[in-house]
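Take a look at these structures.
In what comes next, chain A is part of two complexes: it sits with chain B in the first one and with chain C in the second one.
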Partner chain A sequence: MPVSFTSQGLPVWRRRTTRAQWLQYLAWLAGVSLFLLCWKLISDNTMWVFVEDAGRQGSDLISRMMPPRWEYANVLWKPMWDTLNIATLGTVIGVMMAFPVAFLAARNTTPHPLVRSVALMVIVSSRSINSLIWAMLLVTILGPGVLAGIIAIALRSIGFVGKLLYEAIEEIHPTPVEAISATGASRMQVMNYGVLPQVMPAFAGISVYRWDINIRESTVLGLVGAGGIGLQLNASINSLAWDQVSVIFIMIFATVLVSEWISARVRHAII
Partner chain B sequence: MNTADTLAERRQQAARRGQWRRLAVIENPRLRWGLAIGAVVYLFLALASVEVNWARVAEGSARAVNFLGAFMQPDFISRYDDIVAGLMESLTMTLTSTVVGVLLAIPVGLGAARNISPLPIYLICRAIIAVSRTFQEIIIAILFVVMFGFGPLAGMITLAFATIGFMAKLLAEDIEDLDWRQVEAVRATGAGWLQIINQAVQPQVMPRLIGLSVYRLDINFRESAVIGIVGAGGIGATLNTSLSRYEYDTSAAILLIIIAIVLLCEYSSSHVRRWTQ
Partner chain C sequence: MLTLSGVGKRYPTGDRALTDIELTLPKGQVMALIGPSGAGKSTLIRCVNRLVEPTQGSIRLEDIELTKLSGQKLRHARRSMGMIFQEYALVDRLTVMENVLSGQLGYVGFWRSFLRRYPQEAVVEAFRLLERVGLPHALDKRADALSGGQRQRVGIARALLQSPKLLLVDEPTASLDPKTSRQIMRLIRELCAERDLAAIINIHDVALAKQFADRIVGLRAGEIVFDGQPSELTSEILTTIYGEEDWDTTPEPMEEDEEEQPAVVRSTSHEVMPALATGGAR
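Up next is the complex of A and B:
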């Protein structure tokens, strides 16, 4: 126990040893210096003249956004429907692709360790690239439109659903699996009757959760030309029609709230 | 209850006759069929409204091949300076925004925990969290670029703002289900509010707070790669430029760097989380 002595020779309790205390100071010093260094790099690349009137710019922006031009909402129903389709169809396709990948990536169901590492590679590369970047790539390949958005969402969802699902598969109870294989079931039958019923609730929960995230992401895919309400957002921003932008923001806010509510309800019912 | 009994009996009788069927996922048949029909109708409507320009897709497939080829031979060299500058900006943005965001998220998180804060403060803090979580980083970035001008400062503020919502929500949930006995013990000694937070709440949530901060660092890096598209600095701007100039080999190099850094972050963050929890 770290103890130090007063000048009278009485023992005093300390939380840390002197060495640990010094190491902690040094760690804090290093962390703070790193932060300040990063801050300096950022501040060097910033035009502080623009920052000084940020408050004025902000209030100016808000005054342009208010009141929202409500008539504009009539134009937005079709893009909103496209956005919902991008999110939903993208989730469906992504989930369908993630399902086999997760089984290949789970330690207890993979046919071979080599296959497992390939599946993990697929999951990681899909996860680390944002759907907006996927959309940028796909717009150059497929051309602008809803299709690029759907595929971008699907590609991004593979990694997310795949990762959570394979973790769920690895955590299943082994007893039902053993029981089914003891009856002489084939590999596919063991999967179907031993593994699948155990991961189905998790799978449904993860899919709905991802659908909720995808609604959020699909609202901005239009910024790079991949369809949906983001196209209108981009057009309104480029034409400086901020009163239209605020209508779009309100619609996005409402949609996201509703989708979050639905997803919470469904997950609550399943789990 | 009665119907469930007869259903179970009917299933047993069928099983004795050697017929066995898997239990349906949704028990209520009306709801089950309603959902199935609804899904089919929706799929039909949705697919009908997707317009695909197949001529354009066919034209683009050559580009897809080019792009895959570029991944085989990524070009790190010819735009080396731009890549390094973008990467440095992304990394500094990531670090500063996480630090600032977490520091600001702690008071908001304390305020949003129903068991330690009064109702008005709770509602205000929950509203902050809702606003920050609903909008995508990129939408917030558009607004902040208008306010603060192009460059990494706007990006940093965006990421810090998004971090507040994420961290404060999870922190508040963590505080809401902490072990109340420790708080009572500390309160029994006559401690004030700050002392209760410091001695009873903070030790319980600290491991998770550290784990979440490291996780958020990882997310912030990923996000910093996209907010450059709207002018908020970082590697995203470099990537966007290279894509629109059809320099696919440079884009491939940037994407590979992003994947590598994310992998590194993820690996070390899982390490840190295992260490703190």
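Up next is the complex of A and C:
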């Protein structure tokens, strides 16, 4: 907070010192230069011949998609149901596993720092692998099908739910926890009375949010053979049946829309 | 009944919160602990129920050495020390009844408490206590639906459901208005008398301390600098506890000057900064 004085002796206040101000200008200059440099690199590496007819190619693709082959929808109900099941069961399993992991990972509830690092390790390894990659691995291990999809979704969800939940646990008010401990309550009772009520809204919100994400993710799991509507999508693209692809897109869009609406309603009801 | 000898607390950062505290609290005595912020009042009462670990000395409740306890034994000792908090420390999303019954957690097993199946006597006692603190109709409300004074009453009922021998009270009135503060202090005082409880009450408000306590202990920078009857608390002693201040001034005479006061302030600001004042006027 630099303060200087005018010739009349009045205090002048500026938000930053002159030095800090110039450093800030320099940082902006560096940022903008980097952006322009990246722009040039990308432009040099693009084959513009392909881009030039992008409009024509795009309109061609859309014309092949139109009109959608609506009767194909009859084939899709079963895979769509599979997709919803993959997302829902995967979320339930993932949330059930994430719940204890979060309590072990939160600084204020962990029994030991060593346990905490193991729990954090579980969370990080689950988060660092995309569900599509989990599905690829699991299809190799378990064979293709819905089961691989469910487990892939569950494994990816542990990290997401675990991380957000342990952060919520670390942010609770400490005084109710103190008060419950002061009554002579055991460790588990302190969790049940002092911690759990405080994180319950966050827990419910996070779970529904993850379910919503999982519906979107499970639509692509079929691409690697893990069941669901992605299987049909893959087959349709490979056989260049674009009018079927558009039906699948519309169906996924409608499902995601409905799941968004449900999760918004649930979160609203809880919080 | 409660004896502290040579109790000291040094935080890992190296700050000394308490130095060589010697204190004996007989049964049924209500003691007010006064002192400036940061003097170690909260640390002292938290050392007694071991929410804070004392680094030196011994604390005995009747014949139990509290500083040596751990696990099950510590939990059993904590049951006999009820604590009341400044910000009430209720669990907001639980009902009033659940909050009160949580005073029984030291007595019931995990599954009983998880399923909210408390022993019949405990439930009867909880009803009786809610009646006693004046909240018989609020038991199904969520704790965050209550006003400050009502929440503190729930906090008191919770502490009493532990059937304590000692109350540790941390700034019970700091978040309350003057009238509610008095009602809460009176309630604590009456309950101590009814149940023959000893109490340590941390309090900022010296007037309330004088009015409601049997004994006043002054803490300054982690050391006891005064220990005596409320009547012995003179301006000189307040100065040793809190530092220099004009203790005898009462707020009443100030009100007569109030009308003149702003005029004086305005004229001085004109003199100091004429350029700024005219600039603002344009």
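Just so we're on the same page, the second predicted complex is superposed on the first by the 219 of 271 C-alpha atoms of A that agree within 3 Å, B and C clash if a C-alpha of one lies under 4 Å from a C-alpha of the other, contacts with A are read in each partner's own complex, and residues count from 1 in each chain.
Simple rule for what comes next: a residue touches a chain if its C-beta (ideal position, glycine included) is under 8 Å from a C-beta of that chain, and two chains touch if they have at least 3 such contacts.
Please read these numbers as outputs of a predicted model, since none were measured by experiment.
**Student:** Now for A:183: first (chain B), second (chain C), both, or neither, which partner does it touch?
**Tutor:** A:183 sits against chain C, while chain B stays out of touch.
**Student:** Determine, under the contact definition given at the top, whether A:175 touches first (chain B), second (chain C), both, or neither.
**Tutor:** Once the two structures are laid over each other on A, A:175 reaches chain C alone.
**Student:** Pick one for A:85: touches chain B only (first), chain C only (second), both, or neither.
**Tutor:** It touches chain B, and chain C stays clear.
**Student:** One more residue to check, A:200. First (chain B), second (chain C), both or neither?
**Tutor:** In the superposition, A:200 contacts both chain B and chain C.
**Student:** Of the partners chain B and chain C, which touch A:108 in the superposed model: first, second, both, neither?
**Tutor:** neither
**Student:** Quick check on the superposed pair: does A:10 touch chain B, chain C, both, or neither? Answer first, second, both or neither.
**Tutor:** Only chain C is touched by A:10; chain B is not.
**Student:** Does chain A have more residues touched by chain B or by chain C?
**Tutor:** Touched residues of chain A are more numerous for B.
**Student:** Just to be sure I read the superposition right, which of the two partners does A:117 touch: chain B = first, chain C = second, or both, or neither?
**Tutor:** It touches nothing on chain B or chain C.
**Student:** Considering only the touch criterion stated at the top, classify A:61 as touching first (chain B), second (chain C), both, or neither.
**Tutor:** Only chain B is touched by A:61; chain C is not.
**Student:** Find the residues of chain A that appear in the contact set with chain B and again in the contact set with chain C.
**Tutor:** In chain A, residues 200 are touched by chain B and also by chain C.
**Student:** Taking the touch rule as given, give the residues of chain C at its contact with chain A in the complex, in rising order.
**Tutor:** 49, 51, 75-79, 81-83, 85, 87, 89-94, 98, 102-107, 110, 113-114, 155, 158, 162, 168, 273, 275-276
**Student:** Help me check something: in the complex, which residues belonging to chain A touch chain B?
**Tutor:** Contacts found on chain A: 34-35, 38-39, 41-43, 45-47, 50-51, 54, 57-58, 61, 81-82, 85, 88-89, 92, 124-125, 127-130, 132-133, 136-137, 140-143, 145-147, 150, 200, 216-217, 219-220, 223-224, 233, 237, 249, 252-253, 256-257.
**Student:** Help me check something: in the complex, which residues belonging to chain B touch chain A?
**Tutor:** Where chain B meets chain A, its residues are 25, 42-43, 46-47, 49-53, 56-57, 59-61, 63-64, 67, 88-89, 91-93, 95-96, 99, 130, 134-136, 138-139, 142-143, 146-153, 156, 222-223, 225-226, 229-230, 233, 236, 239-240, 243, 246, 251, 255, 258-259, 262-263, 266.
**Student:** Quick one: in the complex, what on chain A touches chain C?
**Tutor:** Answer in residue numbers: 8, 10, 175-176, 178-186, 188-189, 192-194, 197-198, 200-201.
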